[in-house]
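In what follows, chain A forms one complex with chain B and a second complex with chain C.
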Partner chain A sequence: MKLRRLKAIAVKEVLQIWRDPRSLMIALLLPFTQMFLFGYGVNLDLKHLPVCTFDREGSQLSQDLFKHFQASQYFAIARNVTSYADVVAAIDHGTCSFAIVVPPDFSERLNDTGAASVQAIVDATDDNTANIAYGYAAAVVGDYSSTVQIRWQDRQGRALQQIQPLVVQSRVWFNEDLESRNFIIPGLVAMIMALVGAQLTSLTISREWERGTMELLVSTPVQPNEVMFGKLAPYLILGWVDAAFCLALAALWFGVPFRGTLFALFVTTSLFLVVVLSIGYLLSVVIRSQVGASQIALLVTMLPTTLLSGYIFPIDQMPKALQTITYLIYSRYYVSIVKDLFLKGSSLAELSTPILFLVVYATAVMVLAARAFRKRLD
Partner chain B sequence: MNGRIAAEPQVVAEGLVKRFGDFVAVDHVSFQIGRGEIMGFLGPNGAGKSTIIRILCGLLLPSSGRALVAGIDVAQDPEGVREHIGYMSQKFSLYRDLTVEENLRFFGGIYRVPHDKLAERMRFAIDMAGLRGHEKNLVATLAGGWQQRLALGCAVLHRPPILFLDEPTSGVEPTSRRRFWHLIHTLADGGVSVLVSTHYMDEAEYCHRAALINRGRLIASGSPDELKRTALGGELLLLECANLGPTLAALQQAPGVLDCSVFGNALHVLVRVAERALRELPAYLERKNLPPSRLERIHASLEDVFVRLIAADSAKRGEAA
Partner chain C sequence: MFARIIPIVVKEFIELERDKWARFRLIVPTLVQMLVFGYAATYEVYHVSTIVLDLDHSQESRELMSRFSFSNRFDVKVAQSQREVTRAINGGDAAVALVVHAGFAELLRKGQNAPLQVIVDGTNSNTALIALGYVNTIAAGFAQDYGSQLAESTLGVRGMRQVRVTLEQRPWFNEDLNGQWFFVPGLIGTLTLVIIVNLTAFAIVREREVGTLEQIMVSPIRPAELIFGKTVPFFLIGLGEVALIVAVARLWFQVPFVGSPLVLFIGSSLFLLSTLALGLFISTLCYTQQQAFSMNFFVLNPFFILSGFSFPISSMPQVLQWMTYANPLRYYLVVIRGTFLKGVGFSVLWPELTAMAALAATLLVASILRFRKSLE
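Here is the complex of A and B:
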């Protein structure tokens, strides 16, 4: 490998990137818009779920219960209706996804026996939301019933005693506010970089085949390694800019706590960039058409990174077979690295396993790409 | 000129064959090119000229046969060959979004032209291509002829002893074409062996030797003079007369006439010996009441030669197939 030729390729590539402001803008604007779209669009937290109430009693106690719901940040009372038909309509039309019905004998039974039930109707079209809503509703009702219980015992002249033999005192670590955003945004950075990185390089070789410049280039003494490293270098710099941009947005704009070191972030991010840029490059070498290579690049980055990297869907919840497949997904390693760096502040030593996997991956893809680069037309 | 070949053949092709599936693109082609010699490949589009050049550049593997470039077997050691050649592909293949200077510097880097020589070589290439004052222009903004001269400049930046130029004058206006051929001659005079293909038949006159290629086969080769003298297998007469049709029919039966065809509003008659035909044909035609108004010997242009050879070859192989 001759440095002189590598440099000639790299300089030429930089000039071509610079002369093509449209692609340059895409390379810089795409990550920006995606950070905002996904950063705000993907949110697993349930807040201010619209609730429909049907108060068949209309007593002080029933209104108290609703106040508890209203006070919770998870629910917002959107409708007060007066018939079951209206409850059904509200849920059917999607104006409310949760309904509470208080029976006519609510206060009576509560006062007599200290126990009453309310009906909750959940729209379980989205089972995840339904589950969470149900859990939150149970908590609100539980909280309410303990106040009622205290009042009831008080009225019965009994000594105030709450029987709670075991109490869990939970402390949440790493994502103290339990904000799903803190969990999603670091993974989002990985997804955007995989997408943009592979897109950028998927065009480099195929463009030269399409424009006819490759026929001349392969007739020269240039070596496959020189072409590869010469072409990847400028895109690595562009990738650094993109990554710095996304990571800064994550920490400063979305306020995801960053607890690791910048050095560890730089090392691991560079490694990940090398993997995705090489994947795009490999596709460009093999496919020789710009449209084809960029389509396949989209397919092999976006899909596995979204579904199998643990970016949103936790890997340990997947069926065993699928979990095995995720070891082949390069972004799984970086997603776990970047989440650990942000939230746990892990050191490079603690991240050595995923780092090793990324090194192996990068090497394998580059060896393949260098071999696939043929200096022949047939 | 044949002496050059015998002394130092720079390019040797022996029985080259290239098949793409059932299609035979190159069919047992053999030739040699000597040092400082300009060899022209002529023939219609799709005749196989580009395929032969690509084999010689190591871009395609021959199905059989052997090619030696600068004494190196191309199929065995394509990389060894690439240091010694300059190539201009049929499709323009410089970077249009780079300037004249940036393209030259790029190829200077790729061929590792020594740093202390690069500036001088670039100046030479720019002067040769007549691009002084346009160094900072994007290649895309240059006219076709200028682009081709720059491509030649890039191909010779590393001073290769062998040049393969695939239709370098295609789509270029006549003045620029002449200028381009002048450049090729300058390079050949400096000892560079040049293989250049073209589909402009008249450009064969610029070559030391020309090879005519039709449907993958080399059907004739030699210096332009040799080709004109011998390739037709006879001598050519021009005949003007009142009744073209009947005269044509009569001549085809006449003794000593090999072939006869309409050429404009006259006839071209190919005969075994011109002097004898000039004596005997007028009497023969008068006997048939078809007296010629004019009959004289003409010298065939290379285009005549090629058109006849290609027609004859295609007809022969059409029958065979």
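Here is the complex of A and C:
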């Protein structure tokens, strides 16, 4: 391998990128638009869920309950209805996805037996939102329950024994406010880079074939390895620019806390870029047509990265067979690295397992690509 | 007029018939994506890796911990020291840690606040939130049982009465909160959107690229007839795709379908019309297949994100929420979920159907106008 020839290829590739503004635009504009689209559009936090109330009793107690719901930032009382049919209609039309029904004997039961319940009807077509809403609603009702208890004790005029034997003291680590943006956006950076990186290099060799410049390339003394490294180098720089841009947006614009070291981020990001770029290059060598290569590149990056990388859907909740497949998804490793670097502030040593997998991946793909590229015209 | 449209329809079908890859592309990726989505895309939380540390070693603490072990929501491992707990959470080996300190049972027996310490790895906020909900439910169940037991045995029931209000959960349409019921029907919308927009855009751009579009233009066919003849086959293919996905959803994933097939059919037809129009529109902006490809990517991504397919629209910023109104997929998903799970009909879904019809009409007129211009 001669550095001089490698440099010549790299310079040629840089000129080609520079003179093809469309590709350059994809490289720079795509990360920008995707960061904003996903950064704002992808959100699992529940806020101000429209609630419909059906108060069959109309007492002070039931109104107090609704006040508790109104005070919670997770719920917003959208309408008060007076019949069960209205509840059904509100849920059917989707104007409210949550309804609270207070039974007609609510106060009576509470006074007589000390136990009363309210019904929470939820539109569970979206099971996740329903589940989270129940969690918050249970907290609101629990809070209300202890208020009622205290008031009841006061009215009895005597200090009663503590009624809550067990308290749950929960602490959340790494993402203290449980904001979904904090884990989605670092994963998003990984997804964008996987996408853009493979797209960029998927065109490099297929373009030579389509434009007939392959003959020219083959007739030069350049070696397959020199072609590969020469072609990848400029894109690595472009990839760094993209990555720096996305990571900066994540930390500075979206305010995701970054607790790791920049050095660890640089090392792992470069490694991931090498994997992604060489996969695009490999496809380009094998497929020889620009449309074909870029379509396959999208196919192999988009779906697996969105679904199987742990970017949003947790891997440990998948069926075992799919979990095994995820080990082949290279984004999986970088997604976990970026999340840990941002939220946990992990050190390189703690990340050694995913890093090792990325190294193995990079080497394997490069060896394959170098072997697939032959200086022949058949 | 029909005499001229039918040959084009026939020609498109012949082209499809000869292209073995096209048939492969229509069926295999759809099935693969359905399986991957159906099994991978879930927000459900089961078997949370949990580490417990019991420093009290009392009957009460063991009883509490066993409630977690017996729940299928938690996979419990026992730790021996606080440091082990910290390491498990830091290393990602456990997502939840439960710690009971010494003196727990004593506090419980006195009826004082006995703390159950819970540490949650909040990295995935969604999982953490749901897991915390389950922890609270189990803890509340324990507290209630223990509380009434305590009241009866030691202090006598009278005068110690607890007052409590509980929440009865009534999840409608999806009682078990099954994630597949949410995602799998939604795939009807997302998968047909990609397939039909791609097919339409590529079919026209290809003719343009190869130069056969000009040949067609010198024949007596009028532009409107050409558009009609080209889109009818894709419309039929789209209906076929919808049928395929509905069949897999019903038979493989066992998603219930409680609504009216007619409503779904009408909704699907309106949605397909708008996707055809979109494909047509993209084809007028592009001259090469490569361009059409990048264009599709830019256009289709926002359609997914801003549809409510996977991320609730109500959680988006207001500006993005407004943008969703221009997205036919948004309405189609309401129709799909409405017919599959809710069983609602025209009386509820008419606004969505009307909106889709209006969008389809606008898109069709706009793209036909543009398409005619791009031919000149």
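Going forward, the second predicted complex is superposed on the first by the 374 of 378 C-alpha atoms of A that agree within 3 Å, B and C clash if a C-alpha of one lies under 4 Å from a C-alpha of the other, contacts with A are read in each partner's own complex, and residues count from 1 in each chain.
In the analysis below, a contact is a pair of C-beta atoms (placed from the backbone, for glycine too) under 8 Å apart; a residue touches a chain by one contact, two chains touch by 3 or more.
These numbers come from a predicted model, not from an experiment.
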item: Room on chain A for both chain B and chain C (clash or fit); value: fit
item: Which of chain B and chain C A:121 touches, first, second, both or neither; value: second
item: Chain B versus chain C as contact partner of A:284, first or second or both or neither; value: neither
item: First, second, both or neither for A:107, with chain B first and chain C second; value: neither
item: Contacts of A:92 with chain B and chain C, given as first, second, both or neither; value: second
item: Contacts of A:206 with chain B and chain C, given as first, second, both or neither; value: neither
item: Greater chain A contact set [chain C / chain B]; value: C
item: Which of chain B and chain C A:40 touches, first, second, both or neither; value: second
item: Which superposed partner A:182 touches (first chain B, second chain C, both, neither); value: second
item: Lowest inter-chain C-alpha distance for chain C and chain B in the superposed arrangement, angstrom; value: 18
item: Chain A positions touched by chain B in one structure and by chain C in the second; value: none
item: Chain B contact footprint on chain A (complex, rising order); value: 2, 4-5, 7-9, 11-12, 15-16, 19-20, 211-222, 375-378
item: Partner chain C, residues of chain A touching it in the complex; value: 22, 26, 30, 33-34, 37-38, 40-50, 65, 91-94, 110, 114-132, 134-135, 137-139, 141-142, 144-145, 148-149, 152, 160-176, 178-180, 182-183, 290-291, 294-295, 298-299, 303, 307-308, 312-314, 316-319, 322, 336, 339-340, 343-344, 350
item: Contact set on chain B toward chain A in their complex; value: 20, 54, 57-61, 78-79, 82-83, 85, 87-89, 91-98, 102, 105-112
item: In the complex with chain A, residue positions of chain C that touch it; value: 29, 33, 36-37, 39-47, 49, 64, 89-92, 108, 111-130, 132-133, 135-137, 139-140, 142-143, 146-147, 150, 155, 159-175, 177-179, 181-182, 289-290, 293-294, 297-298, 301-302, 305-306, 310-312, 314-317, 320, 334, 337, 341-342, 344, 348
